[in-house]
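Look at the two complexes coming up: chain A is in both, with chain B in one and chain C in the other.
Let's turn to the complex of A and B:
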């Protein structure tokens, strides 16, 4: 085994572990912000796998679209929505959990059967490498024209929908009345407890802010 | 076109001649470009911070740093050492893991982008086929680090600064990418080498800035916004947000943000010079000058001169742009956040789309001048 093969195998192992670990973290962690950041880790690991498969352009596109756009938008959504709500323990929660488990297991079995039953033919054609952008472009405008055009129509619909939502020319009266009664928006910030601050003063937040100014 | 200087090939050849196997020689070569990128980028930042102080001083009719070394040239080193040895504070209620990870995520992609900056025909780390696209996709990772820093600080100014930084950087990414697409269309390639190659031949007249004046302006404005330079430094607007996402940072973690923003400025200037100002090309093409004095292009000493001239020209153009950026900092007022987003989405985006269409039309009409 020469050096290049060794590097390839080790990086495949590291990337696969990173991806599985991050993906489990996305699902299992309680803190939703951690989940969102770990999702970025999953996308980056997938991009690394693409690089290992000699698909540099796809890897860069993966980083640009999934990490740079999708994940940032998810983070934006989480950080701008400031809804504090205590979870009410549900009765018969096990019903939902079992159904989810069953659906997930079924999906896993289906995909596993598909992976095992497909005869994976490894292409003997030379790797496109740096010319892959040209090959991808040719495919987009010949045999993959329909999916390409459908995807662009879908994006156009999303674009128009976003513009309509943002312009808000039509505002129902009920919505306006609701908006006037909303409380003042506050940003999420956990209360600070400084160890050295005076423990007995009741207006602690005011006090600390004024001392900070004086220092 | 001749291949010019091949540093990697010669280095491996020397080691093989010394009795090492080719594989070991290649492994010995591997760390050198990585080290070169780190040292080169850091040196570039030291020079830039010194320039920033000196030019700012000149713009305000002061003298600026003077006593630390000749002309105050040791000031950046003093700055760096101070940040290194300063106490590294993590606020009591901050999320220490994300707080530490944030600056690293901001800095690493910027350094990685140096892989594709060409200083000559063979003087770059790797000539990737996707070239400039790598830079665009790497620079889109930075907002995640900024959001992370803003969130983990547990401070409302930090959070607002992080959100502003991310909003700004995703809105200016699109005009930036669209003006790069116009260039790629003209050079029929994404590789930085090919982009410079396509501008060479006619000296200063062949540079892309004459064929893409609108694209040049859009790229420069968007690059300034991506670097969070004035007039677009809203994420750290000190009158409103203390220091934005950097508010709670101290010591080397703040140093990383500082380093990252200046490396980004140098990198953007380098890319402007590569994409629009002819990269390593001199005002008069080297081949023409070699013809005048009757020297063959493949003469070794001429190749060394060509290589050095290439590095000097690239750096000169980049630092001229850095000078321009610093001058802009002291001449323009800061824009408001709504003006910033209006400029990005309602002005730069449509104009860059029109520029793209115009380039395509011109390419079809005049294939000689616009790379058919």
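Let's turn to the complex of A and C:
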């Protein structure tokens, strides 16, 4: 079942170096496209670590969901928010960064001390290994049935919520030109409220036709 | 190969994620840092599942749940970033002060 110990340690070292280097690149690089691709490297390294931990099914799920879905989604997000802008430099930005780095190092030292000083109850039961998929399926449909169903409901809610949040509502050009005095508290990209405020029919037909053309 | 190696590695990844979460100014990089945090937690769960509970692998079940929630979170987070970008015309975290006062 297990690989030899030397091979395991060498693979762990290589995967850990890849993961930490790529994670530092994600956080520290200036170009965000490089960050997104390095994030894929982090996910693949973590999938390798899962294989070292005798969990092939979760490693496959990690590659499929994270590299295949989440990373591609983030790349599409970068593409849609493609604005080459230089952020306005803040005064005393280094104070915040230095403080954060110190806090993170302190947290790492605390966690490391806790991990090394705790007497872990290492179990010697037989490893599930290749039968882990069957065991996970049994857990899903016996004692984790309610969280499983709740997760499906939450996925549906996230799907509908993402569509509602990201749906674009176009502002027709003709409507924008003739609406000279715009109400102060109205967002400029909501044509429905403007149409309801001025219920004359030509505006509405013009708006819907140009909306169709834009879609 | 012991449990402590994996836990310390996960702690390092968690600290890198927190640093990125606090210091980055691009909203999409904040989302990527949140993914790093969730993956650090996943490594912890998988290590506990392999070394402390190797026959009834409940840690792997929790990891699958966390992966599901992370996918939903990424979708909704990117939709929120797109919506804010359309309203404010920027992705700078320092200029998102709609709820500040």
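The definition used in the following text is that the second predicted complex is superposed on the first by the 130 of 215 C-alpha atoms of A that agree within 3 Å, B and C clash if a C-alpha of one lies under 4 Å from a C-alpha of the other, contacts with A are read in each partner's own complex, and residues count from 1 in each chain.
Here, a residue touches a chain if its C-beta (ideal position, glycine included) is under 8 Å from a C-beta of that chain, and two chains touch if they have at least 3 such contacts.
Every value quoted in this text rests on a predicted model; they were computed, and no experiment measured them.
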| item | value |
| --- | --- |
| Partner chain(s) touched by A:57 [first = chain B, second = chain C, both, neither] | both |
| Touching partner for A:146 - first (chain B), second (chain C), both, neither | neither |
| Contacts of A:130 with chain B and chain C, given as first, second, both or neither | first |
| Between chain B and chain C, more extensive residue contact with chain A | C |
| Which of chain B and chain C A:101 touches, first, second, both or neither | second |
| Chain B and chain C footprints on chain A, overlapping residues | 57, 61, 69, 76, 80, 132, 187, 189 |
| Residue ranges of chain A in contact with chain C within the complex | 5, 8-9, 12, 16, 19-20, 23-24, 26-27, 32, 35-36, 39, 42-43, 46, 49-50, 52-55, 57-58, 61-62, 65-66, 69-70, 73-74, 76-78, 80-81, 83, 85, 87-88, 90, 96-97, 100-101, 103-105, 107-108, 111-112, 115-116, 120-123, 125-128, 132, 135-136, 139-140, 144, 147, 151, 154-155, 157-159, 161-163, 165-166, 168, 187, 189 |
| Of all residues in chain B, those that touch chain A in their complex | 23, 26-27, 92-93, 98, 128-130, 133-134, 136-138, 140-141, 143-144, 147-148, 150-151, 154-156, 159-160, 162-163, 166-167, 170, 173, 190-191 |
| Chain C to chain A touching residues, read off their complex | 1, 3-9, 11-20, 22-29, 31-33, 35-36, 39, 42-43, 46-47, 49-58, 60-61, 63-65, 67-76, 78-83, 85-87, 89-92, 94 |
| List of chain A residues in touch with chain B within their complex | 2-3, 33, 37, 40, 56-57, 60-61, 63-64, 67-69, 71-72, 75-76, 79-80, 129-133, 187-190, 192-195 |
